[in-house]
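Both of the next two complexes hold chain A, though its partner changes from chain B to chain C.
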Partner chain A sequence: MLVRQVDGYIKIFMKGNNSLNTKYLNPYVAGMLLGLILLSAFYFTGRGLGASGAMKSVVTSTLNTIAPNHTSNSEYFAKYVADGKNPMNSWLVFEILGVVLGGFLSGAFAGRLKLKVEHHPFITSNKRIALALSGGVLFGFGSQLGRGCTSGSALTGMAVFSLQGFISMIAIFGTAFIFAYFFRKNWIGG
Partner chain B sequence: MGPLIPQEIISLDWNLVIAFVVGIGFGFVLEASGFSSSRKLAGIFYGYDTVVLKVFFTAAITAMLGLLYLSLFGWIDLNLVYVNPTYLWSAIIGGIIMGLGFIIGGFCPGTSVCAAAIGKIDAMVFIIGIIIGIFIFGEGFPIWKEFHEAGNLGSLKIQDIIGISGGLFTFLIIIFAMILFKTGEWAESQFTREEY
Partner chain C sequence: MIEEIITSGRMNHEIDPQLHIWGWEIPLYLFLGGLVAGILILSGVFYILGREERYPFTIKILPIVTPLLLSIGLFALFLDLSHKLYFWRLYTIIRWNSPMSWGAWTLMAIFPLSILWSVTWLEDLKPQWFNNYKWLHSSLDLLRKYRQKLAMIMVFFSLILGMYTGILLSAFNARPFWNTAILGPLFLVSGLSGAAALVVLFSKETREKKIFGRIDLLLITIEIFLLIHLFMGFLSGTQVHIEAAKMFLGGPYTTFFWVFIMGFGLVFPGILEFMELRKFKVPTAIPAILVLIGGLLLRIIIVDAGQASRWLY
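On to the complex of A and B.
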């Protein structure tokens, strides 16, 4: 079965996804690959993956360009620009640049590159945009309070048996699961 | 012998190159799994698509097992692998806020970057949201500073708390994941699948 999936994936590379019934990689194969990528990050650098940290660097760097005095006086952001440090010169920023390229390549191979707002037919594009913005604000805030997001705190943390990783995972997915009922109109229309 | 960079087996200059290459793999696999679609991601919370559950747990198990074996063979020194410290209260409340962001916005930070890379406008807006959220947190930091630092338990590992070995714990997680996978497959069979 694994062989067939790998074979199918080679086909995606070679002729695009049209010859396959499923457009996506088998989730278990994908999970194994993701696990191996995480493992290689540990092996080379002793740290795992992340995402929100790179966005914190973008915020710090932008703020430092617009208002350098304000930034170096900020209780939260100052440490990232201390001694003339450049917050963009960080592991996570380069990793996220890689994510952009990797995601783009996969989308290109599978014929999924398209500028669009994706949403359930029950809601409008504008509503989806408003929801995406509010969700993003919450996630951005929560990732700073919780010291990392789904990749940096939950996934990476779980892999090294960190209690923080398990708490993050349960809190993030548990909350979304509990509140799913109240937001069902946006996702399943009912 | 690993991790290589902390022990300077390969030079620190390679650090950012490795970051970029690891990132390419990360982004590629996320996109190829369908994590670039908020409708596919949100499926886990309604049961119509449990790809997140399968990919997330398989990845966690693979990395856990991988670290255990590498350390067993003496190929990695687990003492040099960073364990994110536990700050009990901010982890719980931060996680709850992120969970709300997930069900409202349909992405998490990593998946939003990879969705934006293939042209999803809602994902680009989600990223703008994240940036605003981080800005608000940073600007209002004095207000929640104390809470942010409360309940510091240090770099605490599960084994230290429940007193079983890492191997046994991994084994239990694998059993648990198998049950979750089975449940996920069952939930998906209750819906007519639509691919996004």
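On to the complex of A and C.
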């Protein structure tokens, strides 16, 4: 009886399949856990989560190494290197390092560590990579125009009841929903 | 009134408040020296234990790179010298109380030993290279008879080499962060761990990789233990040592040390190797590469932090 009960709980945790070896967590459970992580980030660090900020630090410090004059003359980049500040000295950079470590461990636990490109059989790996790269570039621009990405602006914003957070969320997912129509053939074929 | 002129090292801006003597050369040399010591110890010890067939890469192949690694390390050391043409003066005297003298003489012993050890194995692996050199062939045959004794002498000197890379720093009383006896064993264990990582990285034998992954995990655990004791020792020392430890516990070296050396260089590869032991599929190269990078970073940060640590008055 107890065994069956425990198995039932595990089934809720693990998406769909009835075996213990399912590879992915139930998305609803994962979402709630993410919320708890956000809560604990507020508790421990006094700030919410972010992701694009780490990328921005990497870009800024790369630019600052190659072309320091350009960096300090640019209105956008200058504030991150003002007074000899090191843009890499940001907690988001370390948060993302942690994400990489955690993701790697989680992949190892689930036996999913393999170098591969996931794509629909109708498109090639190269096309998938090209689309992902261009999508990423657009999202990078968008996140800087909107002062934050899904994590920093939408997720963290909504958690503190910022109106901007809700608007970000609606804009990001609403636009994605509309544009999915045009790009659906890359994923569902036919 | 009698005027007295006091000359002290503390008037030298290169010395006080912070040493600016050692750049990248010394940490690189300490890393390569430790790695060579680790490789030769593993090779020699497992040879003495008669594991030639089980661990062929560790015993026969890996030591072949040691003369090269040692040359690179010594070249870095040479670059660091201010009076490069006078390096031979180290060999005009034996000073029992100078770690630098110990190091110089140990290197004098270990360098030829590593060459002899590698060459005998090289002939076993590639006999065709030696076909045209009959005299070499016969002298190597003679040497091969004494392999067991050679291994013992080599392990002895390798242990000294591995320890001395740390003692060199810890004998420097004027810099509190270096002034701890743990540096010797710490660098020795770190060198051994790097050598085991090289076996995991390059060996083709699955069984050998697996065993050395375990050995590496054990060495990583010892290294973490030693590092924790390093800080415990400092914190229970004088105010000077407490201040030295504080550079890593909230001071300027905190993030670099705890994230990149303790995290990425020891704990994370340790977890990965442990997971691999528990039959999870982990690419073994990743922990091995992290351990090697961590070993180099450890030398860099210890050399740098030592120069920054100072007496308080």
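One rule holds for everything that comes next: the second predicted complex is superposed on the first by the 168 of 190 C-alpha atoms of A that agree within 3 Å, B and C clash if a C-alpha of one lies under 4 Å from a C-alpha of the other, contacts with A are read in each partner's own complex, and residues count from 1 in each chain.
The definition used in the following text is that a contact is a pair of C-beta atoms (placed from the backbone, for glycine too) under 8 Å apart; a residue touches a chain by one contact, two chains touch by 3 or more.
Just so it is clear, the structure is predicted and the values come from calculations on it, not from any experiment.
Answer with first, second, both or neither: which of chain B and chain C does A:G111 touch in the superposed model?
The second partner, chain C, only.
Tell me the contact category for A:L97 with respect to chain B and chain C: first, second, both or neither.
Both partners.
Regarding the shared-chain residue A:V58, is it in contact with chain B (first), chain C (second), both, or neither?
After superposing on A, A:V58 lies in contact with chain B but is clear of chain C.
In the superposed model, which partner reaches more residues of chain A, chain B or chain C?
Partner with more touched residues of chain A: B.
Contacts for A:A171 in the overlay, against chain B (first) and chain C (second): which applies, first, second, both or neither?
It touches chain B, and chain C stays clear.
Going by the contact definition given at the top, which residues of chain A touch chain B in one complex and chain C in the other?
In the superposed arrangement, which is not itself an observed complex, chain A uses residues 89, 94, 97, 101, 104-105, 113 for both chain B and chain C.
Residues of chain A touching chain C in their complex?
Chain A reaches chain C through residues 89, 94, 97, 101, 104-105, 108-109, 111, 113.
Show me the residue ranges of chain A that touch chain B in the complex, using the header's touch definition.
Result: residues 9, 12, 22-25, 27-28, 30-52, 55-56, 58-60, 63, 74-77, 89, 91-107, 110, 112-120, 128-129, 131-153, 155-180, 183-184, 186-188 of chain A touch chain B.
Could you list, by residue number, the parts of chain B that touch chain A in their complex?
Contacts found on chain B: 2-6, 10, 15-34, 36-39, 42, 44-46, 48, 51, 54-64, 66-67, 70, 75-76, 78, 80-88, 90-123, 125-139, 141-142, 144-145, 147-148, 153, 155-159, 161, 166, 169, 181, 195-196.
Which residues of chain C touch chain A in the complex?
It comes out as residues 255, 259, 263-264, 268, 271-272, 275, 280-283, 286.
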